[in-house]
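Per-chain numbering from 1; labels A, B, C and D assigned in written order.
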Amino acid sequence: MKRLLVQTGIICAVVALAAGSAGVHAQIAKNVAQKSPWGPGDEIGTLNMMTDASRLDVIKQVAGGKVYDLGVEMFVGMPTCCVPFGDPNFQIFMTHTPAQDTAKELLSYSGDGVSMYTHSGTHIDTLNHFGLHGKIWNQVSSQDALGVRGWTKSGADKYPPIIARGVLIDVAKSKNVATLPTSYPITVADLQDALKKQATALKAGDVVLVRTGVMTLWPDTAKYRLADQPGLSLEAAQWLVEGQKAMLIGADNFGIESFPSKDPENFVPVHTYLLAERGVSLVEALWLEELAKDQVYEFLFIASPLKMRGATASPIRPLAIAIRK
Amino acid sequence: MKRLLVQTGIICAVVALAAGSAGVHAQIAKNVAQKSPWGPGDEIGTLNMMTDASRLDVIKQVAGGKVYDLGVEMFVGMPTCCVPFGDPNFQIFMTHTPAQDTAKELLSYSGDGVSMYTHSGTHIDTLNHFGLHGKIWNQVSSQDALGVRGWTKSGADKYPPIIARGVLIDVAKSKNVATLPTSYPITVADLQDALKKQATALKAGDVVLVRTGVMTLWPDTAKYRLADQPGLSLEAAQWLVEGQKAMLIGADNFGIESFPSKDPENFVPVHTYLLAERGVSLVEALWLEELAKDQVYEFLFIASPLKMRGATASPIRPLAIAIRK
Amino acid sequence: MKRLLVQTGIICAVVALAAGSAGVHAQIAKNVAQKSPWGPGDEIGTLNMMTDASRLDVIKQVAGGKVYDLGVEMFVGMPTCCVPFGDPNFQIFMTHTPAQDTAKELLSYSGDGVSMYTHSGTHIDTLNHFGLHGKIWNQVSSQDALGVRGWTKSGADKYPPIIARGVLIDVAKSKNVATLPTSYPITVADLQDALKKQATALKAGDVVLVRTGVMTLWPDTAKYRLADQPGLSLEAAQWLVEGQKAMLIGADNFGIESFPSKDPENFVPVHTYLLAERGVSLVEALWLEELAKDQVYEFLFIASPLKMRGATASPIRPLAIAIRK
Amino acid sequence: MKRLLVQTGIICAVVALAAGSAGVHAQIAKNVAQKSPWGPGDEIGTLNMMTDASRLDVIKQVAGGKVYDLGVEMFVGMPTCCVPFGDPNFQIFMTHTPAQDTAKELLSYSGDGVSMYTHSGTHIDTLNHFGLHGKIWNQVSSQDALGVRGWTKSGADKYPPIIARGVLIDVAKSKNVATLPTSYPITVADLQDALKKQATALKAGDVVLVRTGVMTLWPDTAKYRLADQPGLSLEAAQWLVEGQKAMLIGADNFGIESFPSKDPENFVPVHTYLLAERGVSLVEALWLEELAKDQVYEFLFIASPLKMRGATASPIRPLAIAIRK
C-alpha cells in the first residue's frame, strides 16, 4: 500500500491518520489468508451457503409486491471512495447524439460510454479485493492467479446471483441518532441492542445489512466520505460471521468498517478479516433509508453482480422485498 | 447518423448494406415519437405495467430454487456491438495490485477500473437510446432534455427494478436449427409456431425473450456480430407489443431485430418502433441457453439496471426462476 | 455553465465565489465572438502570424544547445484543474505486463492506456474551448460546427506546430516574491516593470510566457489549484495582445487569468476575450522555473500539439532554447 | 504473452502466423537484456548521444523555415495497432458543451476527455515496452521496477526532448513502388541502395526514418494494419545501430519491423533487439509523405514526448526542418 501510494504520488490521509493500537485484534484476526471449508476450488466463500432450497424457502415467505431499491444513483460528481487512492472518478459521456437540427434526420441516435472504479456507488467487494501477504481467500497466491487484467480467481465473474434472506440492523435508529458519530466503531452490544429493539433474530446464511445513517449525508461529497465514517468494529464483524453465521455483510457506508483504522499496518482490518480469513464478501454504499423508514427488517434480498472478468468489485443495485416475520 | 459517422471517420457497413424497400413498414411504423398513455411525466413506457400485485403474483408462482443466469461474462476482447460505430471497447484495468515481493507487505490490495460502452454484454436499452426527428418516447425533445452528459429523461437512472413474468420463445428450437440463418427476419408465424410447440401462452405484461440461437456463437467475435444477425421483423415486434401486450422484449442477439435493415433511412426500424413509438425497452445479448436446454419457458424474470444518470443503456445480469405452468 | 453544473450535481466553488463588479470590463471585452482578420476559413487566429521567415529568423538566433523543458510530468494523483467541474482525473493503467515468473517467457511485454481531460498538465487551449453566445472565434456557431465528438472547427487537429520567438516575463521575480498572492490580478504596470527590470522588449508575434511563481507549489494538489490562483487581469491581457501584438500567451498557473473571476456572468473573462474575441490561444501549467533561474528571457519556443480531432486542448511539452539578445 | 492473450480471451493472428525459422537470428540477437554503456542509472539508452553541441550543430544547419509535420491526426475510428491485443481504442468525448439554446447563456464552454492506448497515432516506444526474461534495458528487472501503474524506469517521463539530425531513407521510392509488399523484410542492401540513390550519408547519432510507403494506405483501417506490414529485418536494424550508430529509428509503419515475425517465440524480434539489447527507442506511424515528396532527406528532427509517468510510449507529433546538405 505504502509503496503504491508513494509511487503514484498520492498522499493518503487515511494512512496518515492510522496510529496506535497495532495488534489489539490479535485474537480475532490471524492476518493470514485461510483455506476454504468448501474445498480447494472455492472462489466465493460463504456464498456457498446458498442452495436451491434456501432460495426457495425465502422466496416462499414473500409477503407483498413492494420492491425496495437498495442501490444509489451513479453520476458525474458523485461521491467516490477512492479518488484519493488514485482511482478513476465516475464518467459518463456521449458517443452518439441526435443532430441539433432535427429536421435533417429521421433517426435520433444517442449512445454513451462509462468509466469508473469498480467500487463505485452501491457495490459488492469480491474476495480478491484484499489479501494478506500476497494470498487471497483460499490461499490463492498472486504469483499464480494475478494477471495484468485481474485475478483469475474470486473475481466478480465467478460470483453467483445472490438470493437470500436479508436482515437490516438499524443501529442509527437503535441509538436514536440520524447518523452514528464520525469514526464510531459499532460494537457487538450495539448490534445486539438494535436486534432486540427490532425483535429480529439472525439466522445462518443471512445477508446482514447494517445501517449507520451516513447515507443521510449522500450525495454531499464533502460529508459522505470514506476517511472518517462510522462502521463495524472487528469484534462486531467477528460476532456476525463466527457467531451468527452471516453469509454476506453490507452497510450504508463506503467501507463497512469504521475509519480510520487503528492498526498502522492495516488500514482495512475488517476487510482483510472478512475477505481473506472468512470468505465473506461485502456490500457497500447501500441505500437503506426506505427499509428503515418502513421498518422492514427481514426481506428477500436479491443482487446480481456483473460478471466482469477478474473484477475486485461490481456495482450492483440490490433489491429487497419484505417477507413474513 | 450519417453526419456523425462521417465526422468520426467511420465507415459503417451496416448503413452501407441498407438498401431497397424504404417505407414498406409504413402501416406499422409512424416514424414519429408518440405520447405516453401513462401521462406527460412518463419516462419508462410499458414498464409502468408492473404493480405490486403483478410482482407478487409471479413470485407466488415460483416452483423451485434453481436460478438461471441470463447474463454473459464481460472481458477484454469480448464481442461488442458498436466498436464499428466508434464506441469504446470493453476495458478492465488494475489500479492497485499486491507487491510482487509479498514478504514486504501485510496487505495485498487489488482494485480495478472499467470503461465500456453502456451497451456492453447483456444490457437493457432505455427509451432515450433512439428517437425520431429529435424526439424520444413521450415526445421529449433533445432541445429540452439532452445535456452534455446525457438525457435528463428516460435514462437508466429512471428505470425501476424489473420483476415480472418472463416467457422464452425458442424460435431456433421450433425451426430445429442451431441458429437462425444470417439476417433472418423472424415472422409472426414463427413466433406463433414456437409458442404452440412449447404450449406457452403469452399474457399482458410479459417479458418476452426470443431465442435465435446466435448465442451459440458467443464469444467468437468473428461470428457473433451485429451486422448480419437474425432477429425480429417489425411485424413480429408489432404482434408482440400491440397484439400480445408484451411489457419488455429481449433476445440473445445484439440488436433484437434482424440486420441489416432494409430501410435506407433507418438502420434500426424495430428499435425506433419499440422505443420511440411504443415505449418498450429492449434487452440484448441474453444468455438463454440454459433455459432452452431445460425447456423452461415461463419464469420469474428479475433485472436491476444500474442507475447511471442519463444512460441510454445499462449492463445487467438478469435472472430467471421457473414458475408453475 | 450553470445548467451543466446543476445537471452533473457539482457544486462549483469558483462560480460561487464570483461576485461584484459585473461589466467593469465593458470597454475591453465586447462579449461577442469576433470575425478573423485572416478570413472566413481561419481556425487558428493569431497563430497565422507565423511564417517560414519568422521561424527561420528565430532559429537563426539560437545561441546554444541547451534545451529547457517547459512541460510538467503527468501522473496518477497529479493536480488537475477540472475534476471539480466533472472532468476525468488522469489515469494511466497497464494493459500488458511481463509474467511474474519470468523464467516462463522470453518476451517481457508492457503496454498501457491513458485517460485524461485534454486540459491536463502543461497544455494548449484551442480557440473552440470558450465561445460567447454559442459562437467561437470567427463567429463559428455550435449549430454548424459542434458534433458529438467535438467541434469541426478550431480543434487541436487544425493547429500548426508552434515555432516562434518566446519571451518570459517573470512577474514573481520582479515583485521579489516566491509566488504572487492568492487571486492576485497582474496589471499592465506589473508586466511593464518586469520587462524593464529584465531589459526585455516584446515584439509582434511573440509567445509571451508569464511567471506567477505558482509552479513552486506544484505538484501539491492542496496548493496548486485553479480556484484562487493569481494570473493576468483583463487589462494586462489586452495590453499584451492589442498593444504588443503577442501571438500566444502562456503562464505557469492553471488558467492564465486570476481566479475567481469578478464577473458573475463569466467565470473566465480573460479566456473568452483572448479565445473568442482575439483569436489568441493559451498555454497553461508551464514549467518556467529553469528559465527563470537561468534568467533566460528570450528564446526559441517550440510546441507541437497532438492533432486530436476536435479537441479543445492538447497536452504539450514545449521546449525553449536561448537566443542571442 | 501467450498467457496474457489466453487470459484476455483474444486470439492473436500475429502469433498464430508466426512459424518456422526460430533461432535464425541467433548471431544478432542475444535475447538477453543488456547493460547500458552509459552506466547503471541509464534509462534512455542511445538518446544519451545527444549533447548541447550536437543540438546546436544541427540547429545551425537549418536552411529554411518550412516545417514538416510528421504526426498523424488522431480521431475516433483511426487505425490502431493493438485493439486485437486487447488495448483500448481511441476515444475523445465531450465533458462540456454549449447550451443548445445559446440565447440562454453568455459562455459557450467546451471541454473533452480522451482515452487511448499510449501507442496511438505517431508515437515513440520507450525502452520499457519490451524486455527479455523479465528484464528491460540496462538489466532492470520487473521485480524491482514494475508497479501497478507502470515501470519506475525508462518510462516516457524519463525521456528528454529529442533534437537531432534526422535522415529519411525512402525505401519505397528507391524500389519504385507506392508501398513495399505485404510483410516484406527490408534488407541492409535495400537501405544502402536507397541511401546511394538519395546521395545521403548516415552519421553517428542520427534519427533514421525509414519509409515503406504504407502510410499511403492511412487511415484505411482495413489496409493500414500491423499484422502484415513490411518493415525492417533484424539484419537491417543491426546495420543501422551497430554499423551506422543510429540514435533513434522511426518508420511509417505500425511496428518498425516486418510482420508477422518468423520467430515463434518472439513476435517482435526487432523490438526486443533494439529496445532491450541496444537501448534504441522507436518512432512508429510517422507521416513521411511530405518529406518524401519534397525529397528532403536530411533535417532537424524535433520530438517532445509527454512525460507520462512510467508510460511505455507517448503519442508525439515530430517536426522536421530541412538542413543544408
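As a convention for this text, a residue touches a chain if its C-beta (ideal position, glycine included) is under 8 Å from a C-beta of that chain, and two chains touch if they have at least 3 such contacts.
Just so we're clear, the structure is a prediction, and the values are computed from it rather than from any experiment.
Peer 1: At the chain B/chain C interface, shared numbers over all numbers used: above half (same) or below half (different)?
Peer 2: Answer same: the two copies use largely identical residue numbers here.
Peer 1: Rounded to the nearest 5 degrees, what is the angle of the rotation that puts chain B onto chain D, matching CA atoms?
Peer 2: Superposing chain B on chain D takes a rotation of 180 degrees, nearest 5.
Peer 1: How far is the middle of chain B from the middle of chain D, if each middle is the mean of its Cα atoms, in Å?
Peer 2: Here the centre of chain D sits 42 Å away from the centre of chain B.
Peer 1: Whole-Å distance, chain A centre to chain D centre, using C-alpha means?
Peer 2: 44
Peer 1: Could you give the separation in Å between the centres of chain C and chain D, each centre being the mean of its C-alpha atoms?
Peer 2: 28
Peer 1: By residue number and range, which residues of chain B touch two or more other chains?
Peer 2: Expected reply: 3-4, 8-9, 75-76, 86, 88, 91, 93-97, 100, 113, 115, 142, 146, 148-149, 309.
Peer 1: Which of line, ring, star, complete and other names the graph you get from chains that touch?
Peer 2: Drawn as a graph, the chains make a fully connected set, so complete.
Peer 1: Show which residues of chain A lie in contact with chain D when the two form their complex.
Peer 2: Interface residues on chain A, with respect to chain D: 3-4, 7-9, 86, 91, 93-95, 100, 113, 115, 147-149, 152, 309.
Peer 1: Help me check something: in the complex, which residues belonging to chain B touch chain A?
Peer 2: Answer in residue numbers: 1-4, 31, 51-57, 59-60, 62, 64-67, 69, 71-76, 82, 85-88, 92-100, 102-119, 121, 128-136, 141-142, 146, 148-151, 157, 160-161, 163, 265-268, 272, 276, 302-313, 315-319, 321.
Peer 1: Tell me, which parts of chain B touch chain D in their complex?
Peer 2: Those residues of chain B that touch chain D are 8-10, 75-78, 83, 86, 88-89, 91, 94-97, 100-101, 115, 142-143, 146, 148-149, 219.
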